[in-house]
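Both of the next two complexes hold chain A, though its partner changes from chain B to chain C.
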Partner chain A sequence: MNSTTAAPKRSAPQRIARYMRREAPYLVMILPAFLFFFLFVLLPLIEGIPISFTEWDGFSDVRPFVGFQNYAKLFHDKFVYNAVGNTLEFTIYEVVLCNVLGLLIAVWLKKACAHNNLFRTLIFMPHVISLLLSSYMVRYIFNEFYNVTGVVNILAVPKTVIIGLALIAIWRDTGYCMVIYLAAIQGVDESLYEVARIEGAGRITQFFKITVPMIMPAITANVTLLTAWGLKLYDYPMAATGGGGPGRASESVNIYIYNNIFPYFKAGYGQALAIVWVIVIFIITQCIQGYLRRKEVEL
Partner chain B sequence: MKTNPVLRGVNFLLKFLVVALMLSPFYLAFCYAFKPKEEITTSGLSFPTHLYLDNFKNAFERTNFLVPLSNTLLVTVLSTAVLTVACSMAAYAIARRKSRIYQVFGALLMLTILVPFHAYMLPLYMRLQSWGLINTLTGFSIAKIGAQVGFSVIIIKGFVKTIPIEIEEATYIDGGGVFRNFFSVVLPLMKPIIMTSVIINALDVWNEYVIGVVVLQKPDKYILSLLQYTFFGQYFVNLGQAFAIFTISMIPILVLYFIFQRFIISGIVMGGVKG
Partner chain C sequence: MKKTLSFLLIAGMVLASFAGCSGGQSEAPAESQTPASSEAAPSSGAPAPGEQTVIEYIDHFNEETKVNGVTAVIEKFEAKYPQYKVEAAHTSSDTFLDQIRTRVAAGDPYDVFMGILTDFSELVDKGEILPLEDQPFTSRINEATLEPETKDGHIWAIPTSTSIGGVYYNKKVFEEQGIKAPTTRSEFKAACEKLQAAGIIPISGGYMQGNVVLDNVQWVCHPLWQTMGENDINRKIMDGEAKFADSKAYLEGLKVWNEIELDFMDANELSVDRSERVIQLANGTLGMLASGSWSVGDIRTAAPDGEFGFIPVCVFEEAEKNGVILANDDGFMISAKAKNLEGALAYMDFLTSEEGAKAWLEKSKTISSIKGLTMDDADPMVQEMLALVDKGQRYYAKDAVQFEGPALTKARTVFRSYVALPPEQRKDYENALKWLDDEFDAMR
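Let's turn to the complex of A and B:
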């Protein structure tokens, strides 16, 4: 921030030396975080690409190159379609219900008073418990409920198992959505509501004409993030349905990737699916985000 | 606003019911954990009548609970400490410097926040294996730190941008260097966001599961999530013991939540709107 005026007649090494003198302390500051990120996220992510073009089993020394065969095979694998279908179904339930319920509860508990504050704290509480533990808890509770009342355990029936998993997610994540929406709602100018009341707008009109448009950025953020969470589905079925059961009715894409890479010894194939899935997650979240951002402008 | 007291009462009752529904799994876990087998079948959902601790005793005996508990504590403290130091420095540089190198790094972190661990777990496993870090708590911590860097840097960076830069200029006039400025001027101002990131990272490390599955395979290196997974996967667990395990696994986290909820929630809000 000292004299940064242009120095036209400097040679490249001099410029680099100057740059290094100025930036060295800051480069030192980003170095540790960068190393962790580079060595243990970015580099492995890139190293996965060549593996996806091989028929490697995951441990032997030979890695036969097969070109795009793994990618072509993905499109004829009925288990890929099954896993994608399960994951998308789960994601839709989670995104829609967590956001709708979270928003309604946020509006409901908007007023700051002692009992509302306590209720908010308690509604957020399930979110701090791990995905795994909450799944086991709900699994045992559903099972016990079946033992006592005879009402069928939805986690044990192929047709309803995804709804069961979504219920666990809704229990855990509704509080999260509520917290984000509360923060957004508290930022809305109170005078807007006063004007609306004077003009005779009811509660429901106020909600759709003031609250929703004003908190659109929070809606965009929540819908995008919960979509990403939903598409990463792994822990819930690992615990609540013993790794994707009954049969393969709750097998998610990430479970199928994991099973191919480790227990099935089809590392190349699993890695190809993993790469396609990263691209799909990007496309879906970016499309949703782009669509909602456009809505933000319109409203 | 004046509303009918009856309506207010109904409204309160409805809120109470929603909260009760959200809390019912905790209540059940707690009740079942403190009841002997015979009492569970006869007393249903009523509160435990006396302090019955055999479920906890049996669960402890069957699981060797203290080893995974201390492993989890260790990796949580280690990863959180490294993340806090590394990410607050990196976030500061990214927030303050205009040079392209920082911006590219920041953008890469944003992009990879969406990448699931499964996409790079095999190459990461191979790297850790060639460095002899499979089945070590260091290996687990390293993998977890890598996965958390993006989120931490992004929430801290957002906060640094709200600190007025004029405050820092005084140190430079006094002749202090970049590091003195950072540690003696900026860092104290970052206290609230550092508290937040410590707690959120600690929660995330404590709750991690899939990285554990990949990196830690020996029971003496298990963390709590792996203990839960193998315990419930291998045995037919009687209800009282299962819920005793749930209860003891939840208590540290819930205590932490109630003490630090203000920081947890503000951090969630900061991370949520940006990430």
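Let's turn to the complex of A and C:
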């Protein structure tokens, strides 16, 4: 065959078939996750859109149409603002402290040796405990600590309950952040640090001028992920504070959505709030991701 | 080659994950035939010889003794009726109502579930609950306890126990502190003050859960509703015809509740549940526990040799006007669309039989609503409760309208929020009632 002959032009079906043959293993690999996402996230969301325009109580056959009434109502609902405030407060604590602590621990433990490996394991271990179990455990620990020492349980006080919940999340998720940052730090070229040392840069300068810019993709991933986790706050207050207590001091948006859809028999209203909140989470995470992506360094 | 191998491996894992996701019920061949047949003709849902069908059961018992009681009943039931297998679930009382409603909304109701009419009045109205007045086991229940479960001429729930609400106290702690069991409001307050001075938590309900908060405020308000002629105030509030601020009984109730309980709340109160407080009552770090007869078993388990007394919530200065609150408890309902209606009816029949009721009573230590069933060796705490009832120091919960359906959950939320208010706001009673109205109305 003449090697200088140009490749024959392929038709669209042929191009698609070639693409599928090349990408098939990867598509099959993401298929379970995509199916799960479709069945349990996307499909309920799509099915919920028509419900949000009704005054459905959650189990009647009748679903009275009310147009945009639910959407208008939620902007005047003081409990929505309370829930949003609680959720944002929790998210800020979790995102900032998990990432800062996770990064500092990753820098501290970046050398592979026996005792570092042990610490890494111990710090990561809380992350494998379920959200519910860790909430129950910490609630009992706080209660018993109060019984023994008289130090007030921060979960029992409206002003400090969000901090208490954030502490549970930080205890659980710092190890996760540490693992991601460890992997990123280990991918930074050592020669950069050598050059910096020769130039006279101290450790702190090296950290801010080399480490942080080089691991920006990991920071983007962690901050975005933890922001989404924080904004979806549900499990911690459900288990640790009896579903948003004391009073409504730890009632998150997701708990308020749940309460409307189920115990309050206002499924239409709860669904409207759920849809608005999904949009809010999407906007916030996209903004954060976009901002951090612009800070990423390309060599 | 490698690519093909990895493709096959991945495809195999995907298929395996689908296989693993198949529901448990489809593994019992007879089960899939039951839903259609049970709707058309319940008797045709009876399992064929040798087959075993599942009865789905759920309750919200948090007390270990009651969970043990259910286990004992199920074991005996399955031994007597080997064609049935009971899948029992126990869940938190806070989320129980939602779980039942969710399953009903999904068209997959439990066969038998714990409940009384006030819990599920909306499901009754929508035809989701099976009426039981024609069932033979209904006649085994005391008529007086069936009355609150009757609506439109039908009986919707079978209450197997009677609950008595009031206050437990640790006799040893009282003796050590030189306190006599209080009989009046001022004695109750004085007892709390003395316990607090001694570093003992005076009184608690375990207010992490909204249902516990509502129980306690209702025990304070029941005697007031009934003596002040406001037996239907809750109905009016639910229907939007009246407000909390219109009620003199609620005004007095908030004052009493604060004076004898909330003012003595432990700093940890809003993070502790009732089961934890039971342990503290048993070990003497808590002086008094506001709870009902359902806690007898757990208190006795925590302190087998402990001495505990029971008194009414002392709302009045006149001792004879203070009374315990009697209500139906441990009621059970059957779903009208139960997948295993035959099995559900068989289970209820056994539960209310002498054998089943005794198995329940032995473990749970409750007060039975079954006719002619008496407790041998009733716990001294129960004896004190029954003595108060015999003396006439009792109010029947059924004599006043209680919150029901969605209003029940809203009332729990609203009063739990009230308890979390700063004391100065909580005790500005007239404004607090307006605040309760605002909160309740915002949830309409």
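By definition in this document, the second predicted complex is superposed on the first by the 255 of 299 C-alpha atoms of A that agree within 3 Å, B and C clash if a C-alpha of one lies under 4 Å from a C-alpha of the other, contacts with A are read in each partner's own complex, and residues count from 1 in each chain.
Convention: contacts are C-beta pairs under 8 Å (C-beta built on N, C-alpha and C of every residue); 3 or more make two chains touch, one makes a residue touch a chain.
Owing to the predicted nature of the structure, the values given are computational and were not obtained by experimental measurement.
Participant: When the two structures are laid over each other on chain A, do chain B and chain C clash or fit?
Facilitator: When both complexes are placed onto chain A, chain B and chain C end up clashing with one another.
Participant: I'd like to know which partner A:Y236 touches here: chain B for first, chain C for second, both or neither.
Facilitator: In the superposition, A:Y236 touches no partner, neither chain B nor chain C.
Participant: Applying the touch criterion given at the start, work out whether A:H115 contacts chain B, chain C, both or neither, answering first, second, both or neither.
Facilitator: first
Participant: After the superposition on A, what does A:Y93 contact: first (chain B), second (chain C), both or neither?
Facilitator: Touch partners of A:Y93: none, neither chain B nor chain C.
Participant: Is A:S60 touching anything from chain B or chain C once the two structures are fitted on A? First, second, both or neither.
Facilitator: second
Participant: Is A:G245 in contact with chain B, with chain C, with both, or with neither (first, second, both, neither)?
Facilitator: So A:G245 only meets chain C here.
Participant: For chain A, which side has the bigger count of touched residues, chain B or chain C?
Facilitator: B
Participant: Classify the contacts of A:K78 with the two partner chains as first (chain B alone), second (chain C alone), both, or neither.
Facilitator: second
Participant: Is A:Y269 contacted by the first partner chain B, the second partner chain C, both or neither?
Facilitator: It touches nothing on chain B or chain C.
Participant: State the stretch of chain B that overlaps chain C in the combined model; pick it from 78-86, 150-158, 204-212 or 258-266.
Facilitator: Residues of chain B that clash with chain C lie in 78-86.
Participant: From the superposed pair, tell me which chain A residues show up as contacts to chain B and also as contacts to chain C.
Facilitator: On chain A, the overlap between the chain B and chain C contacts is residues 25, 29, 32, 58, 242, 258.
Participant: Inside the complex, what are the residues of chain B that reach chain A?
Facilitator: Those residues of chain B that touch chain A are 12, 15-16, 18-19, 22-23, 25-26, 28-29, 32, 44, 82, 85-87, 89-90, 92-94, 96-97, 99, 101-102, 105, 108-109, 112, 114-116, 118-124, 126-127, 142-143, 145-147, 149-150, 153, 169, 172, 177-179, 182, 203, 206-210, 225, 228-229, 232-233, 239, 242-243, 246, 249-250, 253-254, 256-258, 261, 264-265, 268-269, 272-275.
Participant: Over in the complex, which chain C residues touch chain A? Could you list them?
Facilitator: Residues 3, 6-7, 10-11, 13-14, 17, 94-95, 97-98, 101-102, 104-105, 122, 126, 128, 208-210, 267-273, 276, 280, 285, 405-406, 409-410, 413, 416-421, 442-443 of chain C touch chain A in their complex.
Participant: What does chain A use to touch chain B in their complex?
Facilitator: These residues of chain A touch chain B: 1, 23, 25-27, 29-30, 32-34, 36-37, 39-45, 47-48, 51, 58, 105, 108-109, 115-116, 119, 121-126, 128-134, 136-138, 140-141, 144, 148, 171, 174-176, 179-180, 183-184, 217-218, 221-222, 225, 228, 231-232, 234-235, 238-239, 242, 254, 257-258, 261, 267, 270-271, 274-275, 277-278, 281-282, 285.
Participant: Could you please specify the touching residues of chain A with respect to chain C in the complex?
Facilitator: Touch residues, chain A against chain C: 24-25, 28-29, 31-32, 57-60, 77-79, 139, 142-143, 146-147, 152-153, 155-158, 241-243, 245-249, 258-259, 262-265.
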